[in-house]
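One structure is given below, represented as structure tokens, and several questions about it will come after.
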Amino acid sequence: MVFRWTIRILFIDTDASGRIHYTSLFRYFEAAEIEFFRHIDSAHQYSELGFPRVHVECDYRSAIRCDDVLVIEVSVGRLGNASIDLRFLVLKDEVEVARGKVVIAGMDRSTQRARPLPDVLRERLEPYVAAI
Amino acid sequence: MVFRWTIRILFIDTDASGRIHYTSLFRYFEAAEIEFFRHIDSAHQYSELGFPRVHVECDYRSAIRCDDVLVIEVSVGRLGNASIDLRFLVLKDEVEVARGKVVIAGMDRSTQRARPLPDVLRERLEPYVAAI
Amino acid sequence: MVFRWTIRILFIDTDASGRIHYTSLFRYFEAAEIEFFRHIDSAHQYSELGFPRVHVECDYRSAIRCDDVLVIEVSVGRLGNASIDLRFLVLKDEVEVARGKVVIAGMDRSTQRARPLPDVLRERLEPYVAAI
Amino acid sequence: MVFRWTIRILFIDTDASGRIHYTSLFRYFEAAEIEFFRHIDSAHQYSELGFPRVHVECDYRSAIRCDDVLVIEVSVGRLGNASIDLRFLVLKDEVEVARGKVVIAGMDRSTQRARPLPDVLRERLEPYVAAI
């Protein structure tokens, strides 16, 4: 299973090259992540559990321009004991234009220490674990 | 008196017009404000007093481009009982290219209510009040 | 007439105060403007006419937080010969939380000089001119 | 050899977690890259050669907060025929807090096709190639 999220690139996302500034995709990965967690009824930013990013990466295949409509497919690369490896496939007209990975780690907001993923969250994420 | 702060426009500040995206100047107004408060030994973000923005504005006179070196002159337009009207004059090669105004209001961080400016802060700001 | 555009505030829009960073609203004003022009069938960024911003401002009434759903109402304050004064009313649960103004000026992209608004654009904007 | 660039984290770089938003580091990697190229007298954004990003990544080790002063050490991981693998080590009080990698590819601005690195650029970059 994947979760699909559609966005339209804004003028503010571009730079003087006439194309999207590469950091803008991370903004949309964050939006897609939040909607994905909302979709599986686990809007994580409300809980006592925070999810700082420990690793992020992105590969860019083709130019993305203002007003492009992109589909972001969210899936899970690996579920660790206290971490989630989220994958983002970015499609334009059904062709891959970029691919991202964001590893987030469960952290107790009050102690600021690592904390294992709750079972209920793990269960809701498992259908999205992809063979990558 | 004015406080001068020099910046260089980054590629990320531009948009597909080839010029600076207009919101980027606000980023530099914030940087100039922080350095101004540090300069008068009142780095306000550390105190129990917060300063949410209640009004901001900017006029743009000329195009600003990547790598332009700008001088931002910070002064005070008006000192209210609980608010500060900060002015930002943006110069490129000593010619005005933009002009901004940011009104911030003193707020007690714990109660989230308005709070008069401390006398010591008022004294340090007064030399920068400009005849506008 | 007004054009309504609904957005949800992202985590990336916030700052360490726990509330929206004030510049984020300008990002959404831009998105609302683009959708407004698309709605009246005048997606201006494609034409030979550019619209640099000559003045922007915003008043902030109440705190806006991550995940807030906001309605932005777009109307036109005044139609000049070569400029458009756009107004943005920001509502949360039907209560005003902010109010913005963005004045854009028609510019010929090739000559970079001012250019009067085309009649067809003027006609499409007129129903949105508000008594302000 | 490494090139060192010092920055101070701004309030606008933070998010509601009270710490830096992870995308802000990419902004500073870009600034450090531009200053690095200026330092070796190869300010690449002026030439007929563009450098779109093909891969970026970052590992985050410790929290970074508003007003932190960070040193970014820039070096070169690998010099390809038409690509440069830039490395960014981020230090706070001489301790690593993050580590980034940005792979840029030489592109002819007029044809938008890949183009080998000019010899003069390759010579200036070679002293910064690190054993990684």
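Letters A, B, C and D mark the chains in the order given here, with residues in each chain numbered from 1 onward.
Please note the rule applied: a contact is a pair of C-beta atoms (placed from the backbone, for glycine too) under 8 Å apart; a residue touches a chain by one contact, two chains touch by 3 or more.
Just so you know, these numbers come straight off a predicted model, no measurement behind them.
Trainee: From the centre of chain D, which other chain's Cα mean sits the farthest off?
Mentor: C
Trainee: So which one's got more C-beta contacts, B-C or B-D?
Mentor: Of the two interfaces, B-C and B-D, more C-beta pairs touch across B-C.
Trainee: Cα centroid separation between chain B and chain D, in whole Å?
Mentor: It comes to 28 Å between the two C-alpha centres.
Trainee: On a C-alpha centroid basis, what's the spacing between chain B and chain C, in Å?
Mentor: One centre to the other, that is 23 Å.
Trainee: At which residue positions does chain C touch at least two other chains?
Mentor: Within chain C, residues 11-12, 17, 19, 23, 27, 66 contact more than one other chain.
Trainee: In their shared complex, at which residues does chain B touch chain A?
Mentor: It comes out as residues 11-12, 14-19, 21, 23, 65-66.
Trainee: Under the touch definition given earlier, write down the residues of chain B that touch chain D in their complex.
Mentor: Chain B reaches chain D through residues 10-12, 27, 30-31, 34, 43, 45, 66-67.
Trainee: Help me check something: in the complex, which residues belonging to chain A touch chain D?
Mentor: Its residues touching chain D are 17, 19, 22-23, 26-27, 50, 52-60, 63, 112.
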